[in-house]
Amino acid sequence: MEITELTVHELQEKIKNKELTIKEINEAYIKRIKEKEPDVQAFITELTEQGLEQAQKIQNKIDNGEKLGELAGIPIGIKDMICTKGIKTTAASKMLENFVAPYDATVMEKINAEEMINLGKLNMDEFAMGGSTEYSYFKKTRNPWDLSRVPGGSSGGSAAAVAANMVPWALGTDTGGSIRQPASFCGIVGLKPTYGLVSRYGVIAFASSLDQVGVFTKDVQDCAMLLNVIAGHDEKDTTSVDIGKKDYTKSLQKNIEGLKIGVPKEFYGDGINPEVKESLNNAILQYKEMGAQVEEFSLDIAQYALATYYIIACAEASSNLGRYDGIRYTYRSKEAKSLKEIYKKSRSEAFGAEVKRRIILGTYVLSSGYYDAYYKRAQQVRTLVMNQFNEAFEKYDIIITPTSPTVAFKIGEKSSNPMEMYLSDICTVSINIAGLPGISIPCGVDKEGMPIGMQLVSKRFGEETIIKAAYAYEQKTKFREKYKPTFKK
Amino acid sequence: MSRQEYETVMGLEVHAELSTKTKIFCSCPTKFGAEPNTQVCPICMAMPGALPVLNEKVVEYAVKAGLATNCEIERNSKNDRKNYFYPDLPKSYQISQYDKPLCKKGYIEIETSQGKKKIGITRIHIEEDAGKLNHDEFGGGSLVDLNRAGVPLIEIVSEPDLRTTEEVDAYLKKLKSILEYIEVSDCKMQEGSFRADVNVSIRKKGETKLGTRTEMKNMNSFRSIIRAINYEIERQIEVVDKGGIIEQETLRWDEVSGKTFSMRDKEDAQDYRYFPEPDLLTINLSEEYINNIKKSLPEMPESRKQRYLEEYKLSEKDAGILTSSKYLSDLFEKASEVCGNYRAVNNWIISDISRILNEKEMEASEIPFTAEHLGHLVKLIDKGTISSSIGKKVVEELFENQKEPEEIIKEKGWIQISDEGAIKEIVQKIIESNPQSVMDYKAGKDRALGFLVGQAMKETKGKANPQMLNKMFAEELKK
Amino acid sequence: MQVSKEEILHIANLAQLELKEDEIEKYMLHLQDILNFANIVKNAPVEGLDITVGANELKNVFRKDEVKQFEDTNSLLQNAPTQEQNMFKIPKVIN
């Protein structure tokens, strides 16, 4: 097997057995990036040279007999939404095209403390607004399973890079499905943790009350390992919660006898592609065979949640993106002569159409006369959504839904119709509205060989339950052994 | 119509910078006067991804201010974002409080020539200060310094209860003194840590409906506040008299021209789009928390004044002046403790020190010398080491040069001449050279003695002991 | 609710965006589309429900009033489009 096909826990095994060195591993990944990047276009900033230097340093330490952490020298890719000190951090926007972050996000400090090697900043929809990575200012990332299709979004670069074996794992952010949906489109594992489990400090804000950092991995075991690294209370983020340190790898158990699974029938309605539905039904049968208790129930909030999501996310975004004003660190229009022009021209020239669309919607719903009808109402609906989930989790350990109504669509297919793009978030956004943890794992492919994702959701801080349920399914079904990206042109 | 036929209705919005060590949402220092952009970090510079964390002292200080102004304290408070673009506001939103301010429905009592009056406090909320725009003298641009961005403020909004500039003056002074007493703000107007915006409207006397108000900003002293109000009242009367309509707008006071100017483009309708700050959590204050702060409140001006009247038997006026400022009042108490002569200390503060403050346009908080210095000065006079006229010179000197009074008089050679032989010598010399006055005195004109003593003082540059001079002249002239 | 051209211009002005003539049409249409969908929240059964601002129930998280100076303040100016005397330079603004 190629080095780059291995999971991180497999790499660790080989490092321990002296079958592989840190240098060899990094060289293999860098070679793979050089090979596949022209097709996949996942990177905004490649850090291969620095990566190689770093790998050499770590190798020297190991050769000198220094005792390093278990993840020292393991490569990683970082969504370009996360601030990396001394390295360009662009949010895939012209606005921040040349922005060098003056500090590290808390999650980056944790990655650095493990001495992992950041091989690059990954592509995404501009300011994480989108579901296809087509709204990046820099490039369109392609789906490794079919290069004519999108990798999903907004963390499309992260998902594609992991699926294409250009990095063994990656960090992303998820505001309404931006980790789970691309993971589903690219046939890998994507976890959005509970709101508050991972610090948002240094993560460029899209919608503060919904944003959460999460992980893309090849399998569930890696997912638990990387979650161990990034989870934890941070006093720089007041919304981060102190629940003590947990070891999520302890949840990697195959026995799920008695696990109570709820299947919300509204998430399997007309809008869901029949092949996706079928694949999900098979997965549910699989769970039954494994000893889970499955029950269908009604969770009639999906439509409300989607509307609420767009109101709240855009309202917060319209305010969060005010700081990009052409004064301190962003793009400034060359034509601007007055202050007013600095604002208006810089923002109009440097924000893409989707970002402007959301700023306009967000400004509208907060503006005088509409606040109560939209924004305040949406916040009440948020309470409703949370209550309904709370009720559901009194009965069930996890809820299973499709991650996305469809498999990855063609590049250009939806980018001209914003409403259609928004509707494809229907399965994921309510999880952010309620602040719950959700994982997407592959559960099959469609007729054309495109991967289908299944979303497992648990109550707040129920990461252990979803990791366990995901792991048991993965070990039983062995998706990775059966299907691989083909880079079809 | 003349001014007498109108009534002026005013309300004040006072911004006071809280004297915390760090900013409201980050750990940057708040010291005034640092080099540009040296007290900044990713948070107060609004770098992408930075998040605010509320300083606990800010809540404590605001609650203190609320309790000291008889406010109700909100048990479930929160922060909100106020959205607008300006170069001194790096996030393009100010974190403030909208519908749940920490304190509301309070009042303070003021005293004017018309007697006592309660002025209502609508609310007190916490928010962050903005940065500063400096003007580039050569390049013709503006320069943004964000050291002040994120310095904690409380905004104290009064009810439109104020009718005269005298009331405004009394209200501001009272408010300032309260904030100084409870030590939540140093209230230095010159440094901008105590600023007032004034809402002014006029209406015909007898009318109960409020007129349209304008809001004036950018006044940086009590004097300019009063000037601005007077200007604005005249302007509004003139507009109304000519049949015009007052527009609700924000005006900027220009100290140099003595006029107000409209601040914003007319086309720019403001809509701040307040919404709850999602990066911060609700502030829930327990009864215990509030009670502890209540217990920690120091003695307030009224009760100090009462104490001065009863304990020290000071006059109503003197006690009022002393307690109008915590700094004066503390100076009085500490210096009295040092020298044991509170009457003398009182006199020095009320007369010379107040006069010098006035001349120098300084605030009591800016008095450069310590209570020990003043106490020691009084002691030197009481011991007869110097005369009180030398004392005046020492006080002047203390404003320039903060040394021990004893050192000052040594350096300047101001020690009093109390040696009997030396005094006698001077007296004889003056008698010899002023035969006319001596004759006048002997002819029964007592005033002549005063003249002679004065001459002797002049001769000794004020250093001669006046009691001894008087005595010696009387003895010598009897001969 | 029907969005008018005046409204979209007012909103763009609040958001400091400059819209070209063809963009005005486009954004008006999109905004209308999204609002039509978002109107569904008006039918949600939320009678008597409080608002939710954030997804967790934390409260009262404060910071101690202790100075921690950011060590590299120069790096905070390194991305400035124009600067002078360690300040961000902009066209002249009268307060």
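Per-chain numbering from 1; labels A, B and C assigned in written order.
Note that in this section a contact is a pair of C-beta atoms (placed from the backbone, for glycine too) under 8 Å apart; a residue touches a chain by one contact, two chains touch by 3 or more.
None of these values were measured; they are calculated from a predicted model.
S.K.: Could you let me know which interface, B-C or A-C, is made of more C-beta pairs in contact?
M.R.: A-C
S.K.: Which chain is most remote from chain C in terms of Cα centres?
M.R.: Farthest chain from chain C, going by C-alpha centroids: B.
S.K.: Roughly how far is chain A from chain B, centre to centre by C-alpha average, rounded to an integer in Å?
M.R.: About 56 Å separates the centre of chain A from that of chain B.
S.K.: For chain A and chain C, let me know how many angstrom lie between their CA-based centres, rounded off.
M.R.: Centre separation, chain A to chain C: 23 Å.
S.K.: Distance from the CA centroid of chain B to that of chain C, rounded to the nearest Å?
M.R.: Using C-alpha averages as centres, the distance is 38 Å.
S.K.: For chain C, what residues touch not just one other chain but two or more?
M.R.: 10, 14, 16, 51, 53-54, 58, 61, 63, 76, 88, 90-91, 93
S.K.: So which bits of chain A are touching at least two other chains?
M.R.: Each of 99, 102-103, 209, 235, 238-239, 318, 325, 327-329, 339, 343, 363, 367 in chain A touches at least two other chains.
S.K.: Which positions in chain B touch two or more other chains at once?
M.R.: In chain B, residues 42, 45, 47, 53-54, 83, 85, 87, 144, 271, 273, 278, 281 touch at least two other chains, as defined above.
S.K.: Of all residues in chain B, which touch chain C in the complex?
M.R.: Touch list, chain B to chain C: 20-22, 27-29, 35-42, 45, 47, 53-57, 59, 78, 83, 85, 87, 133-136, 139-145, 218, 252, 263, 267-269, 271, 273, 276, 278, 281-284.
S.K.: Which positions of chain C touch chain A when the two form their complex?
M.R.: Listed in rising order, the residues are 1, 3, 7-8, 10-12, 14-19, 27, 30-31, 33-35, 37-42, 44-46, 49-56, 58, 61, 63, 72, 75-76, 78-82, 88, 90-91, 93.
S.K.: Could you list, by residue number, the parts of chain A that touch chain C in their complex?
M.R.: These residues of chain A touch chain C: 98-100, 102-103, 195-196, 209-210, 235, 238-239, 241, 303-304, 306-308, 310-311, 318, 325-332, 336-339, 342-345, 347-348, 351, 356-357, 359-361, 363-365, 367, 370, 373-374, 376-384, 386-387, 418-419, 422, 432-435, 460.
S.K.: Under the definition above, what is the set of chain A residues touching chain B in their complex?
M.R.: It is residues 82-83, 89, 91, 96, 99, 101-103, 105, 200-205, 207-209, 235-239, 315-316, 318-319, 322-323, 325, 327-329, 339, 343, 363, 366-368, 371, 375 of chain A that touch chain B.
S.K.: Spell out the residues on chain B that touch chain A in their complex, using ranges where they run on.
M.R.: 42, 45-54, 81, 83, 85, 87, 90-93, 144, 271, 273, 275, 278-281
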